[in-house]
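The data blocks that follow each hold one structure.
After this come two complexes, each holding subunit A, first together with subunit B and then together with subunit C.
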Partner chain A sequence: MTAAVIFTKKEWLESWRTHRFLILTVVFLIFGILSPLMAKLLPALLKGGLGGVKIAVPTPTSLDSWTQYYKNMTQMGIYVFALMLGGYVSQEIQQGTLVNLVTKGLPRWSVIIGKAFVGLLLWFWCVGSAFVMTWAYTAYYFPDTRSPHVVLAFVPLVIFGFFFLSVLVLGSILASNNYGGLLFTVVVVALLYMARMVKGWQHFNPISLISDNMKILVGADALTKLWPAMVTAVVLALGLFWAAIKVLDQKKL
Partner chain B sequence: MSILTLQHVSKSFGSKHVLRDLNLTVPTGSIYGFVGENGAGKTTTMKLILGLDRADSGDIEVAGEQVRFGETATNRQTGYLPDVPAFYGYMTATEYLRMCGQLTGLRGTALASRVTAMLKRVGLASASHRIGGFSRGMRQRLGIAQALLTMPKLLICDEPTSALDPQGRTEFLDLLASLRGQTTILFSTHILSDVERICDHVGILHQGRLQVSASLADLKQQYAKPQVRLTFETAVQAKQAATLLMPLQHHNHVQQVTQSAGEVAVAYAGIYAAAADRILTALLAVRLVPLTFSQEEANLDQIFMEVVQ
Partner chain C sequence: MTCANFEELDNMNANWEVFTTYWPFLVPLIILELGLMLAAVIQVLRHPHYRIGNRAFWLVIVIFIQIIGPIAYFVFGREDQQ
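The block that comes next holds the complex of A and B.
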């Protein structure tokens, strides 16, 4: 276990010194600030853009702000995250940086554990800081009571991140280069979106965790419906991390 | 007593057989030169010894303990310097060595003093900037520092000198030579002069098999023939001389005659004076006078060429 702690420390130092942490923080903070701002400014922008044509634009509420947040997180945020972590494992194998450590007695599984742990911390920090930012600005711009379950709606997004990270890590090990890992992740996400068309599977599909957040925001009942998807996501993620360990065990270094 | 033995080890990549029934024994305390042309399978052999790759068949033992693919306990006994050592460019040399030391179980003051001593030994004590800005030579020195950090019984170096400049090479070889008596070194290379400088044992890998393995002195005695080298003013003269000496081959001390451009090399057996007499008599009889006439002792290059032919 000590080896896993040593490797986790190294992973953390890497994220810090290669500016991965900084870049992700800045990008997600921008998302966090931009979400309520866009909701606030969109009606004014629409009016201005139509050049005097009168249309009825409803007054924005906190719901619009949160809609923007989940859109930004799930349509851009996760891909920025994937880009920053695309070569998470493949780079170490390609460059041979693991050779010195493995021959010093670093168990291969601790590579995956360390990377999963730091990756998860990064995800939580990214979506969390953006969440706090959006929450604060939403409360400031839209002091209404239309979004009662702010935290509950956020929970599935965090869990999806755990699943997403496991896909990213496995993809990064299977592929021999950075882009192969990204491609694998994009293909898996696309397949999950397609699987949403099968009605009976919807409650189990991890992609529901980033599709139904707005429903939870207004009615906590929606979260209970997502239990199967949350359990599926966690079980799948654990399975994928286990598979990643097994694949790395067999890799020539 | 041998620290490393490989028995009937085979390894293929697809249809390419890299190692075929390789047998190798490295005596404890030796500096073993593991020689072979590029692509002969030296790196593959080393990766198998370290459990970084899986052998198709055969047994590998380090200090009497079996090597297993993946996590092998035998790595406690070994230090490894890869051909191009890869580090984390965002760390300093001290940070990197500390991490390596921690992985091997070193802690506290023991770790700190070992790291400081190693950095001093390889001449990196004053390098406080990050590894990303290190030159090739500095990386190689950091590589040897991490390999020696645990004071291993067996040090495995994969072509450590091929990328260094002459000064760096000399320094590196001196460092390796200074370890004689402290640790056994398996040292792969295709630079034969490096082997002659520091190794006491040599193994020549060719077509996936160890063609010879012996002490350098035995090898020279067994394989090498001393020779006389003659240079002529023109290639025509050299050719004429070679034609004249050819009939003497395999008797009268003269073993083999080879010619290229203006040079003729005559391998001989027995006493130099007798061989020289035969050659000069034959040449002077037709008034063929060489520009230079010199005697050369056998070197590893000749042995290598002879073995791989």
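The block that comes next holds the complex of A and C.
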């Protein structure tokens, strides 16, 4: 276990020194501020865009702000995250930076454990800081009672991150370059979106974790409705991490 | 006030009004974007080698394209240190 702790420390230091942590934080904070701002500006933009035509634009509510937040997180945030972590493992294999550590007795599985742990921390930190930003602005600018389950709606997003990370790590190991891992991740997410069309699978599809957040927020759906998807996501993620360890064991460093 | 006058006044004050209304959003946004830009500019100047492009190219991208420019540099432009 000490090996995993050591590698986790190394991984953390790397995230810090390569500015990965800093860039992700800044970008997600920007997303967090942009979400309520977009909600606030949208009626004005609509009016401006239509010129003199008068239409009834409803006053924005906290729901618009949260809709923007989940849109930003799931349509931009996860891809920025994937871009920044694209060469998460492949880069180390390419540059041979693991050779020294492994030949000195670092078990290969600790590489994956360390990377998974730091990646998860990064994800939680990113979506969390954006969440706090959006929450603060929303509470101040849209003080209504339309979004009662703010924290509950956020939980599935964090769990989806765990799954997303496992896909990213496996993709990064399978591919021999930085962009192969990205491509793998995008393809998996696209396939999951397509699988949404299959009626019976919807409850088990991890994509529900990032598409049904608004329903939970307003209280239309209980969080318990997403249990199957959450369990599937976690089990799949553990399976993918296990596969990643197996692949890395066979891989020539 | 006639319609024409109002429009003129509106145009004059529009930018300022937007700022006074939305400054709690805009000030942190500007600080964050400038911070990201500065971090990228410092990196570009400190490291003479790039995976693609050259220094002038990356400086233009990083300074003139907000948010996406610096991310593009950190992801595609930065040469990994061996």
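One rule holds for everything that comes next: the second predicted complex is superposed on the first by the 250 of 253 C-alpha atoms of A that agree within 3 Å, B and C clash if a C-alpha of one lies under 4 Å from a C-alpha of the other, contacts with A are read in each partner's own complex, and residues count from 1 in each chain.
Throughout what follows, contacts are C-beta pairs under 8 Å (C-beta built on N, C-alpha and C of every residue); 3 or more make two chains touch, one makes a residue touch a chain.
Treat the numbers as computed from the prediction; the structure is a model and nothing was measured.
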| item | value |
| --- | --- |
| Touched partner set for A:Val187, first subunit B, second subunit C, both or neither | neither |
| Subunit B versus subunit C as contact partner of A:Leu46, first or second or both or neither | neither |
| First (subunit B), second (subunit C), both or neither touched by A:Pro36 | second |
| First, second, both or neither for A:Pro107, with subunit B first and subunit C second | first |
| Contacts of A:Gln95 with subunit B and subunit C, given as first, second, both or neither | both |
| Partner chain in contact with A:Ile6 - subunit B first, subunit C second, else both or neither | first |
| Of subunit C and subunit B, partner touching more subunit A residues | B |
| Subunit B and subunit C footprints on subunit A, overlapping residues | 95 |
| Residues on subunit B engaged by subunit A in the complex (per definition of touch) | 47, 50, 52-54, 70-71, 75-76, 78, 80, 82, 84-88, 90-91, 95, 99-100, 102-105, 146, 150 |
| List of subunit C residues in touch with subunit A within their complex | 22, 24-25, 28-29, 32-33, 35-36, 39, 43, 67, 70-71, 74-75, 80, 82 |
| Subunit A residues touching subunit B - in the complex, by the definition given at the top | 2-3, 6, 9-10, 13-14, 17-18, 95-97, 99-108, 249, 252-253 |
| Sites on subunit A touched by subunit C in the complex | 19, 22-23, 26-27, 29-30, 33-34, 36-37, 40-41, 80, 83-84, 86, 91, 95, 137 |
